[in-house]
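For reference, the structures are reproduced in the following blocks.
What follows is a pair of complexes built around subunit A, which joins subunit B in one and subunit C in the other.
Take a look at the complex of A and B:
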């Protein structure tokens, strides 16, 4: 054995007779088919970057040049003279309110559905039915949901959600639009939370149960903190869907240029029962296809919308991180 | 010199269950005629414990099946305070299943069913509230699994009713320090009690999990291969810890590592294909196994 031991050697010195080898990309020796495939993959990635970059740059450029700060705090008004149509304060408020309502409904319900599916999920046929229901909602175009919402919320017994004219409810309000908006965010919250729950190894649940805890307190104290990043991801995705949706706003929010609280109602309730518009419907209205036909306002509003989306996403990520940043268990 | 012939285990041989009363060992081998493959090397077990040996749990003809597949077949086994019981055997022999049944974790598997009785201090564990049972019979898992919260909250978790934040931190500091000290982790984490537990190293995480189990003052501690994901230094620390713990609580450890069983176990139970093949003091089981299968297993003929 002792014959094999060698005197200590500087580990950085090259071994005698050794030479440095370099990993060589062997694509040159590939068959033509594979080389063409590789080239197409490269091209696809680069083209996508260019497309995304040019959209962003174009919108930012157009937006910044068209945006006047006063637009952010001026109420819009209908006028033939473009200099009198004001800004888009109300659509900004509408976007924020609608998002808040939609998320406030979608997140608790979505997290609850995901918890039930993963942690209980029995009887199995019911679980499959719930999964299909989530998929159906996820797959339904929002305009179809909006159309359904319009007829459903026009029922008289739901007149407290909007306001009532003659013997039918109006069927258009922040409350109603927010409720239907929560449906389009729901599948995203369910999906992300469910994925996060499935990532938690079973022995972590068992460890809590083995300490004499009930299933409920295990979910509350261990699982919910563990899936917080997942919930935030779902929330961010859901917010993106809500902010970006136009069909529901046009059909269910009344699409009035300014926020119109319900007459004679309490301040906040009246606002929820009232109508309004959002930045997306404002952009649609001011685009060349809409009745406003003021593209410069549309560009400015689109730029603000972009900023809001980015800010809300950052906020959601920030909340998700919290303290439990690296929840990586050994599996 | 040619190596000794490798004996294949015969699957259809009738199981020879040998129950040996816990007698003080007088020398090695009591004239059983067979010099097992491990017979030549005398391996000392752990130093004897000072605490009196007191039976706390007992398995009484326990049978556990998953669906129609029997995982544990009519096992009788005593579990005593003051000594460490190691369960050894090849993968799939039912040792983990038996361990998990001791605090009714097997019930979490939908298809599992159990026959026979398990007694804790003479009382059938099926009669106990399951949360009460699990507070008295706690478990440490193969993989370190601290919860996504601070070191302090992890240890305090078992002390807080229903997972709420009450009682307050000040009242819990003493029991938490006590548990961390018993797990040999206090000096490493005392300045970082607010740090997330998932930032600790693997060995520290596992000792934190042990501290978490100890905080609730369990009477029996079940350990399911607690060192298999750890490095040798962490393993040595945990083994040392196990030997200290046996003074106050009954410790049952499942292990794949025969050397580990030799190092820590006062009693060893060898299981194979769901049967308890042999239960004996560690020294005897390793040096003078009574059953052919035990001899084959500890001698390395299969595994």
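Take a look at the complex of A and C:
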């Protein structure tokens, strides 16, 4: 199937056998103004690499010195004595749950929207409107999305989704935070899937239609398998975005240190209706801005978070490698 | 838009398949979502806007005290306090966003030139993952580094103790402030700008560059006069997208901006850069305990409404400046 997704060769690229014969002119003969420009270019590039390198090294150093393996499987607890505040098992579980919920919603919806946009897309004004809607969602700050979720899910007909005490819905729970999280992953999934669909050559679709398949079965049997890497890229990017987001967690997950299932509900449902925290909100809470103020714990959790996010991004790059332009992450 | 438009002009249109209707309905719900977002946010925000009128955007009085008064307003809905003059928050947003974009644009442009043209092959291979890494680091990690490493450093080395003592009664100077916020914001938005600009620089028709080189123009001038000029729409798009990102950043700014509502005064000379700010999005995160008080909640929704409208406006601006790019299919 991978042969289907080979992008057409860039007509501007030099032929494979051709040798580069252009003599590189040396900067020593340039006018001073141009040499200053070149020097600034070098300086900017090297500063950028240094910034990235120092962030990476500093976080690794702090993480490795502060992280104790036991932190990964002990529950956190509120205590004044730092040696007794436990680890961050609950935040890790919270991150996993939230990511699972968000991706479970964002991927089907995003793939569906991308399929409609590329394969059907009529009436054309509606398609343009949907495209700009995806852009608007991608551009909306996550704080604003969080506030929208808070207001929307406080409606009485949706109160079954939220954490309740004495029958007052709070508009906060794993289910709600996960649903809102799916919105920040959605544009990434749509973008990656769309780009992959546009790279499937038309003769593939024509061949399937010529065999008497309907458009729907062409999508199911031919296009979906062909764009699977695109979907995977979008999913990995979306997961990275969800895991790294803090505002939605702080506003919509109730910000309790441990996972608190709703009392008197069925086990899984109660968990989904419960409140909790994630790695990001744990870091925020343990920074000097939050109420915990335990920098060591914050560094350890930040190290774990950074590892997860960087691994997901590397995965997305790896899947997208050799399949045309890798621009799905720019959103 | 449809990738496969085999229908002849005038041929009867096939009735839409069920799959098309389902996918179309799914895509159309995104439009409903945007409408719902506007409706819900403005519904909650309305009391704050209607009580203050356009004066909401003006300056006057101490905004921090006004927010506190709103939080402590009486429980009777008729006596709710809404008086707010939000200019310091808007000013803080404009300052941090403007400074970050202003510093970031030349830096990103130089970095992309370096990445596309001037870097030796080894460095070129390093730059792409570096940009991806900087884009992937979650904002809470940037905030953590800012408040634990950079803020104390600024406090020790850049803030004069005399100035600190002089203004201590009015505004606390802690190291976190305009300078730190804009610098970290810059590091956060530069990767997006580099990605978009370098993408456009690579898409400049090869013959144009070769034509310039054939006329004896050196590499720097060719890049500056031909490639950068051709990529101007992409640079505009990068600025718009980066502005949208900077505008919506909440967590990092809530951590490093000094946690004090204050409008820095440019007449203070260089100390202006060290004074705290409180951007709009950071206010929502900083005041998140206040959702228990109805009027403060509504005031925060008013802030979210301002952010929502500006980010939607920026999305459309981004779409508009990207239009010329389609001519040579850069993006």
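List of remarks:
As a working rule, the second predicted complex is superposed on the first by the 261 of 331 C-alpha atoms of A that agree within 3 Å, B and C clash if a C-alpha of one lies under 4 Å from a C-alpha of the other, contacts with A are read in each partner's own complex, and residues count from 1 in each chain.
As a working rule, contacts are C-beta pairs under 8 Å (C-beta built on N, C-alpha and C of every residue); 3 or more make two chains touch, one makes a residue touch a chain.
Please read all numbers here as calculations on a predicted model, not as lab measurements.
Of the two partners subunit B and subunit C, it is C that touches the larger number of subunit A residues.
In the superposed pair of complexes, A:210 makes contact with subunit B only, with no contact to subunit C. In the overlay built on the shared chain, the residue A:136 is in contact with subunit C alone; subunit B does not reach it.
After overlaying the two complexes on the shared chain, residue contacts for A:245 are found with subunit C alone; subunit B is out of touch. Within the superposed three-chain model, A:226 lies in touch with subunit B and out of touch with subunit C [touch as defined at top].
The residues of subunit A shared by its contacts with subunit B and with subunit C are 206, 209, 214, 216, 325, 327, 329-330. Considering their complex, residues 1-4, 6, 16-20, 22-24, 26-28, 30-31, 33-34, 36-37, 40-41, 43-44, 107, 110-111, 113-115, 118-119, 123, 126-127, 129-141, 143-145, 147-149, 187, 190, 192, 194-196, 199, 205-206, 213, 218-221, 224, 241, 244, 247-251, 254-255, 259, 281, 284-285, 288, 291, 300-301, 304, 307-308, 311-312, 314-316, 318-319, 331 of subunit C touch subunit A. Of all residues in subunit A, those touching subunit B in their complex are 201, 203-204, 206-214, 216-218, 220-222, 225-226, 323-331.
Across the interface of their complex, subunit A is touched by residues 103, 105, 108, 131-135, 138-139, 141-145, 147-150, 157-158, 162-164, 196, 198-199, 202, 209, 212-213, 216, 229 of subunit B. Of all residues in subunit A, only 12, 22, 24-25, 27, 29-30, 34-35, 37-38, 40-45, 47-49, 51-53, 55-56, 58-59, 109, 112-113, 115-122, 124, 126-130, 132-145, 147-148, 150-152, 183, 197-198, 200, 202, 205-206, 209, 214-216, 219, 240, 243-247, 250-251, 280, 283-284, 287-289, 295, 298-299, 302, 305-306, 309-310, 312-314, 317, 325, 327, 329-330 touch subunit C in the complex they form.
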